[in-house]
């Protein structure tokens, strides 16, 4: 597929600056480029590449002002990342898998599959499971008893969705994710051993959710662990039992949320963050990577950092002083000596 | 199944306060409740719900004193969580899976299976493996060569138990856990490359252990990585080669223990904690979430926090000052100015 | 297999101190030992065991000077760990699996397999995949469309290598690893929802790489996520889209690298470390466990600690003062009182 700058600008609602007839056949990264490719400048850190890239077309945002000559034809758009998303879909290998049901899959006779569903080899679909139309259940995936899956859901190889859990429409569940494992709940016994608390709840994943590889989401003790509409979870995340995550919240890799905590809507959580259990976190909260949230957050749209997490800017200010602590320590000791000297001295002075 | 407060109090060794004949059919969370359900008040954070819940019966502990009217019939027990554990087992879907061995499983002819064993579709049981009676080997699980598994063990889909490892009785291994991967051991070479150190040891899991989804436990270089009786590991935990964990220790999600470290009995380890290798940690140690344990812990029953971890209360005290560091910084600089001024001043004063 | 100290010293380029005819049949850990075994003293922490071990032969390095009598025959070598690596290979169960292709595997007719390849039960090899000679594709592994795998690669059960990814020669990929999941890339929309950015790139793993259990490596948005020759990744690691890791870098468990970051050669990264995206890290960098690298590192061969990470020694010095902050706080307040008193005092003094 070859598309001209003019055609692409029209498709992306952008304007051409340069040769509108130059044609490209695939996207490229700005630092790699190549004739016949279209690249993009999103992060300003990469601006220098705009002047050296060999890409034929360069997507830029409204704020880009060239400080040097740019060889590529520019397409200027309001929202670079949105345009890239559309571009990659256009050029991406849209080889929508055919709706083949492998003879080497295990599908229980009481399971129901919608139209246009694919099931890969060695996938297992247990009794009473319901799979909506357009779903792609890839090889070696596991769909437990009475699981309900909406329409147009992609389940990658090795995903385990355990009994009674529910997945909405248009979700993407990446490889080796576990949904519906028992939560970590035990009653301590007098002899020091722990007695398992049965988990009779389930997990509910709403529409348009994407879940990264090797993430684990525990089922509720009772009721449901709930992942809201449009939530995006990265890889290797831990979601404890009875956690609830509000709509359009995004969480980066390796973060963990302990049991019964409720995260608000439109939060942005960095990687390797931890939340204690049984707290509520307000809508629009931002948590810096590696922070530990140990207390409820009531006020919406605030940023936090540290372990335990405090106000983001306050943490940075305290950390700036932390870095100077050895020097500060010496200064305090010197001050102490001076003050003690002065305290001894005045009498002599006044008596002199 | 409908049970009256009177019947349940008898079952749970509790006492009824209110109508002993009210009947319930299922457990509920206190904030959801519902007529015909039994709920519980464990964490005092949730006390307000005791006054608003619509559950028909409410389990409470010996310390609960109602400060407002409670509509539900109370069942008072000594140990709320223990009672909940028993209650959930009673109401839980105890559909013990039938002992069916799938024709679509691969079971090597030299493997031995006890009575009443289930093996799911596409499970693999390799040569010489021994599975004790009452085990449930679920779909797509992998049991390597010469692996020994005790009685009444549940192995969830996608679990990999690699060659020669050993699992005790009554263990539960959640989905996609890996037991017996090679440890991270390499000998540096003169050219900067690393030479793999073969791992000829194994993993031994003792009785009554539960292991959370996606956790990885490496085999020993020589000898055994050992998880003691009654240990409970949460999801996404890393256990290095030759680690040993004492009886009844519990470890929350995403923690990691580096090679050859020995953790004592009855320790409680928070989430996202890290331990360096080659140290011993005393019995009853408590580690706060996100801490990094960098040195041996000799004294039992102490609590730690921070990275590197120090005494729990000392960390909190230091962190309280950390939060005030910018203010402290200003104060020190002001003191310095004052002191220097005074040092210059006295002569003038005394000369005045 | 029984080997004498004399034979082993010859094999390991070492020298015998003691009885050269004593024979051993297997390796042991120094604290376990046992007659007829060979053990080793690598980490000086374990020196005491050299005097109590019941192993028949003990491997030691050039620096070991016995301070007490040692019962074992010593074999002294230049590089203990290198010798152990060779020893374990010699004694290890070198039962190289036979090149059997299971009839219960799914191998697409367009896939190509080299000579001497094993494929386990319920493994899936998709269309166009190419597997080099000597590979071991174990049970339940997944090899996607057009994946290329070099020679002598071991793929453990449950590994998912998704479409178009490429693996070099002599790699070892441990159980349940995911290679080629989509990166975490979304374009925010005006209504607060996120639009997925398609990932049309792939993952390239070079020769001699080892990847630990449950690790996840995302494919590039465009181009390739690249793991350099000889890199060793531990368990449960997260590698974001378009990350590049230089040759012979080693990364301990549960660390994560955000998108587009480039790590240099021969770096040593501790466990639970995090790197922000879009930075470069110089060759030979060392990062202490649990650190968070938030900025580029330009100067090679330096060590860092903290979150955000700073110079390793500076962090330790600052942390040493951090531990004394409560005391320092009291001292400052006392100084303040003294200084303010002195400031009030002099006039009185001088006026007296």
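The letters A, B and C name the chains in turn, as written, and every chain counts its residues from 1.
The rule we apply is simple: contacts are C-beta pairs under 8 Å (C-beta built on N, C-alpha and C of every residue); 3 or more make two chains touch, one makes a residue touch a chain.
Bear in mind the structure is a predicted one, so any value in this text is a computation, not a measurement.
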* Report same or different for the chain A and chain C interface, where same means the shared residue numbers exceed half of all residue numbers found there. => different
* Determine how many degrees of rotation, between 0 and 180 and to the nearest 5, align the Cα atoms of chain B with the equivalent atoms in chain C. => 120
* **Approximate Å spacing (C-alpha centroids) for the pair chain A, chain C** => 24
* Structure fact -> Contacts with two or more other chains occur in chain C at residues 122, 140, 158, 176, 214, 236, 254, 272, 290, 307, 322, 324, 328, 332, 335, 339, 342, 346, 349-350
* To do: Provide the residue numbers of chain C that touch chain A in the complex, in ascending order.
  => 106, 122, 124, 140, 142, 158, 160, 162, 176, 178, 181-182, 184, 186-189, 192-200, 214, 216, 218, 220-223, 236, 238, 240, 242, 254, 256, 258, 272, 274, 276, 278, 290, 292, 307-308, 310, 314, 317-318, 320-322, 324, 328, 331-332, 335, 338-339, 342, 345-346, 349-350, 352
* Complex interface listing, chain C residues touching chain B -> 27-29, 32, 43, 45, 79, 81-82, 84-85, 88-89, 91-93, 102, 104, 120-122, 139-140, 156-158, 172, 174-176, 208, 210, 212-214, 230, 232, 234-236, 247-248, 250, 252-254, 265-266, 271-272, 289-290, 307, 319, 322-326, 328-329, 332, 335-336, 339, 342-343, 346-347, 349-350
